[in-house]
Amino acid sequence: MNAQSAVRETVERLALIDHHVHGALRGSISQQEWANAFIEADTQPFPPHLDPLDTQLGFAVRAWCSPILDLPRHADPAAYWQRRTHLGEEEVNRRFLNAAGVQRWLIDTGFATDTILDPQQMADISGQPADEIVRLEVLAEELHTAGVLPADYPDAFRALMTDRTRDAVGTKTILAYRCGFDVDLSRPSDAAVSSAYRQWRQEDPRLIDPTLIAFGMHEATRAGLPLQIHVGFGDRDLDLRTADPLLLTDFLRDPHVQQTSVLLLHCYPYERAAGYLAQAFPNVYLDVGLAVNYLGARSAAVIARCLELAPFSKILYSSDAYGPAELHYLGARLWRTGLAEALSQFVASDEWSVDDAVRIAHLIGSGNARRAYPALNREEQFA
Amino acid sequence: MNAQSAVRETVERLALIDHHVHGALRGSISQQEWANAFIEADTQPFPPHLDPLDTQLGFAVRAWCSPILDLPRHADPAAYWQRRTHLGEEEVNRRFLNAAGVQRWLIDTGFATDTILDPQQMADISGQPADEIVRLEVLAEELHTAGVLPADYPDAFRALMTDRTRDAVGTKTILAYRCGFDVDLSRPSDAAVSSAYRQWRQEDPRLIDPTLIAFGMHEATRAGLPLQIHVGFGDRDLDLRTADPLLLTDFLRDPHVQQTSVLLLHCYPYERAAGYLAQAFPNVYLDVGLAVNYLGARSAAVIARCLELAPFSKILYSSDAYGPAELHYLGARLWRTGLAEALSQFVASDEWSVDDAVRIAHLIGSGNARRAYPALNREEQFA
Amino acid sequence: MNAQSAVRETVERLALIDHHVHGALRGSISQQEWANAFIEADTQPFPPHLDPLDTQLGFAVRAWCSPILDLPRHADPAAYWQRRTHLGEEEVNRRFLNAAGVQRWLIDTGFATDTILDPQQMADISGQPADEIVRLEVLAEELHTAGVLPADYPDAFRALMTDRTRDAVGTKTILAYRCGFDVDLSRPSDAAVSSAYRQWRQEDPRLIDPTLIAFGMHEATRAGLPLQIHVGFGDRDLDLRTADPLLLTDFLRDPHVQQTSVLLLHCYPYERAAGYLAQAFPNVYLDVGLAVNYLGARSAAVIARCLELAPFSKILYSSDAYGPAELHYLGARLWRTGLAEALSQFVASDEWSVDDAVRIAHLIGSGNARRAYPALNREEQFA
């Protein structure tokens, strides 16, 4: 076995930690709902002449997922759907979650959880432990719904966060969707928080106030909890221009923020800027999850770009899969292909040694996540 | 014939729709004028020590255009110019326009038209139909010159647009050159338009007022006319920073705007952001015209990047050629080379099937343009 | 010898002008200081679990620098350090500076010069002439320290600049580190300069005032001195978002600025925008120094991207090495590898002729620098 084959073999066999993922489908959905799950950025019904499978993601599903369902590569969508329906969601989930080669799932439980599996169910089906990531905005919105008084809000948030994260491994903020990064993210006083909450009480329970969101982010990092931040590409509720990670620079300069892991998720098309931050700040990590699935046959290019400025100890794997279990598998499948391509090129040109390539593959596949999330080294939760 | 050859063969034979192009030269120009036509971004005389042919575009002209004039590849500029002069502009036009393999030209008639061919002439020389794209700013400036009264301006604009677009297939705005995208592009009231026009009447007839430009854009989309928008790279009159398509996000969120095709032109270096918008908004299309010519031997990279987030039904071909007919041919030549390279790699790694690659090549080459411009399916105008 | 080999051979043999570089180490440093020199963007002690050699730069040092010290490629860090210590800094400097294949060094003497070699010493050790680049902010800070009166400041700055640049070949500004580019960079009046200086006199001697920095930039260009500008990537003192070269567009539009060379340094991740400016403005040049070293095995990608819009007469070589002489060598080594890869691909696809590739390699390696810095054609300073 030559050097490049050794690298490819290693990457194929990595037992990955998927550090940012959602549940797979709880039950069957319609063919249209299934297809629309592959257009992240489109919240409307897709016009009839635009086929959501005529995308890199759609082609990747047909190329890589078909064989898992005993179909030939590139199966046509009708045949694929027929076979998928025949097998049923439970068998489909079982096949894809196992084929992913994931040793542990870190599951964001903060979004539309009624149609998807919870961490315990994910662990049961995949046979691998599943841990929870708590969305900070959901905690705030619970307090809003409960009618907490303004004077009580800061302490109530802290108490709820402490309670909900007791068995979790980290937190997440989706400020990119709520107010963008081009706001004041310095730590607000409790008085400022109470005042902002007083205003919010008179409004819609969907939290968009930057003061209250920044409050959650600072409380999480001061409690030593890893903080995931949605960065870059997402659906069109988001203003991609204000989801640029460089707008987080001042937040990352806060010495208290630097005491825990900050994990920049997705990052496309800002992955090179995110790599800069991962080098500039010892506590900052990045992944290119979500983008990998959506780029399909082009995903190797973005994976290679995340191997630029970021130290190799700062790069993580995630799928950001949500819903159809194709996404849980495909994220891992494309990541392995792209990472193996990059690393084997480095080895082929003798710029990296094989030993280094193998070592770094293990760091990126799981070692870095174990360091970034200290709670992963506690007893496992849902296994 | 193997799979990759089948893909390459298909791409070579595509009868393209060049959905954004200008006329070829009407008559002969000097050698310096000819060379300067290859430096889009430079409006001054080029300093003597800087040869405009020492660029990717210049090298691409010498590599690909020389054989069309019966010269060896990489002919030196002096020999090229001598041969070009010997053949004469009419023969040069005939050769390049035919060699482009374009089935239909969508011609922007709004810029410096006295030295270039009009759509009828383009159709006559190339033997293929040519349609018109109307520049909205030109219509406004005509009304300014005509001395229309402020109270009459909104209706006068609508009437003129209706008249001028009767036989056209779409409209175009160059707000990137006039005020950039970092302005309020929401729909102004007629009263606000009249007021802005009143102010403009006292100024230079070159339209730079954002209110009046936004008015034109909204009138065009409300009339169901496809709207081309110059995005990204262009000459240095433009501030490239405010030609970022993400600054159009709010405009694209307007439900009325979503009722017609919006076509993001050029996009370099924002092609990945443009691809995001093409996925986020069902009515948004993109091309990487102009950039393809200017990048020459590097153009395959930008073509590959536009095959990332954008659904395959949203990608179009254009040359954005203006003046020397080398550009009309070279845009198509480089596009075929780059597209074939990307698609054949997808097929070689078995991530795409050959059938899909062939189908998508036809969509990008002409099928998507036929859907984006409904008037193309009317009787052809200048054939 | 085939065409691609001819191109590679040419690039290997180029006698480079390193147009932006600092001194190599004057004496020995600790192992930790040495390793930390490879994390540009981190000003703190590196956490123990994060190895600064587990980066593209660290791997490139082990791959390419080891043989220069008679070690096998990919030597482990302990063995490398032992050998390096055994040889001593003087021998290490001698080997790397000579192996770089640089014919001339243009040395920025404005930063932490007590631990590094001065231009005369660099010339002595390398056997090649070394010229000086003067940092404008250092001049201003000298006047502040000297207690110059506000009314005298404008003339005092001009006199000091004239004096210090008499034997220098150009100037440099690090406004990216001091106030960013998103400030007013128009030329201030002497009265405005005096007033800004009056305010600064009451503050820290580190210059961050945009008016005074802009004053220095305009004085340099009006004196016909080449002006280097740090752009993009650097350590985290800098806000990468405001180091975007497109923010310099208005400054570059000033007709007086256009009378001398402006050299955009580093540029990552904005190298495509910098290429646009190099095409738009006849006096603007760019390099991708610093980034090349930090990207290691990925540096060929950024080198290829700087061969897009920029005319070939506008691209320069630099290492931006500072301290360990590995960086002076590695910059050249990686640049040769990346440039040869790009050019030989252009030749392999017959998009460039071999003769053109050879000619452009020489322009980029040294010819463009000779034109950009007129003083290089004076008698050499430190040879």
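Points worth noting:
In this document, chain identifiers A, B and C correspond to the written order of the chains, with residue numbering beginning at 1 in each.
Assume a residue touches a chain if its C-beta (ideal position, glycine included) is under 8 Å from a C-beta of that chain, and two chains touch if they have at least 3 such contacts.
Here's who's who by UniProt: A, B, C = Amidohydrolase family protein.
Everything quoted here is computed from the prediction, not taken from an experiment.
Look at the contact of chain B (Amidohydrolase family protein) with chain C (Amidohydrolase family protein) and you find different residues on each copy: under half of the numbers used there are shared. For the two copies, chain A (Amidohydrolase family protein) and chain B (Amidohydrolase family protein), the CA superposition rotation is 120 degrees, given to the nearest 5.
As a whole-number value, the distance joining the C-alpha centres of chain B (Amidohydrolase family protein) and chain C (Amidohydrolase family protein) reads 37 Å. Residues of chain B (Amidohydrolase family protein) found to touch two or more other chains are absent.
Interface of chain A (Amidohydrolase family protein) with chain B (Amidohydrolase family protein) (complex): residues 39-42, 44, 46-47, 49-52, 54-56, 59-60, 62-64, 73-74, 233, 235-236, 239-241, 268-269, 294-298, 301.
Touching chain A (Amidohydrolase family protein) in their complex are the following residues of chain B (Amidohydrolase family protein): 244, 246-247, 249, 253, 272-273, 276, 279-282, 304-305, 307-309, 311-314, 345-346, 349-353, 355-356, 360, 363, 371.
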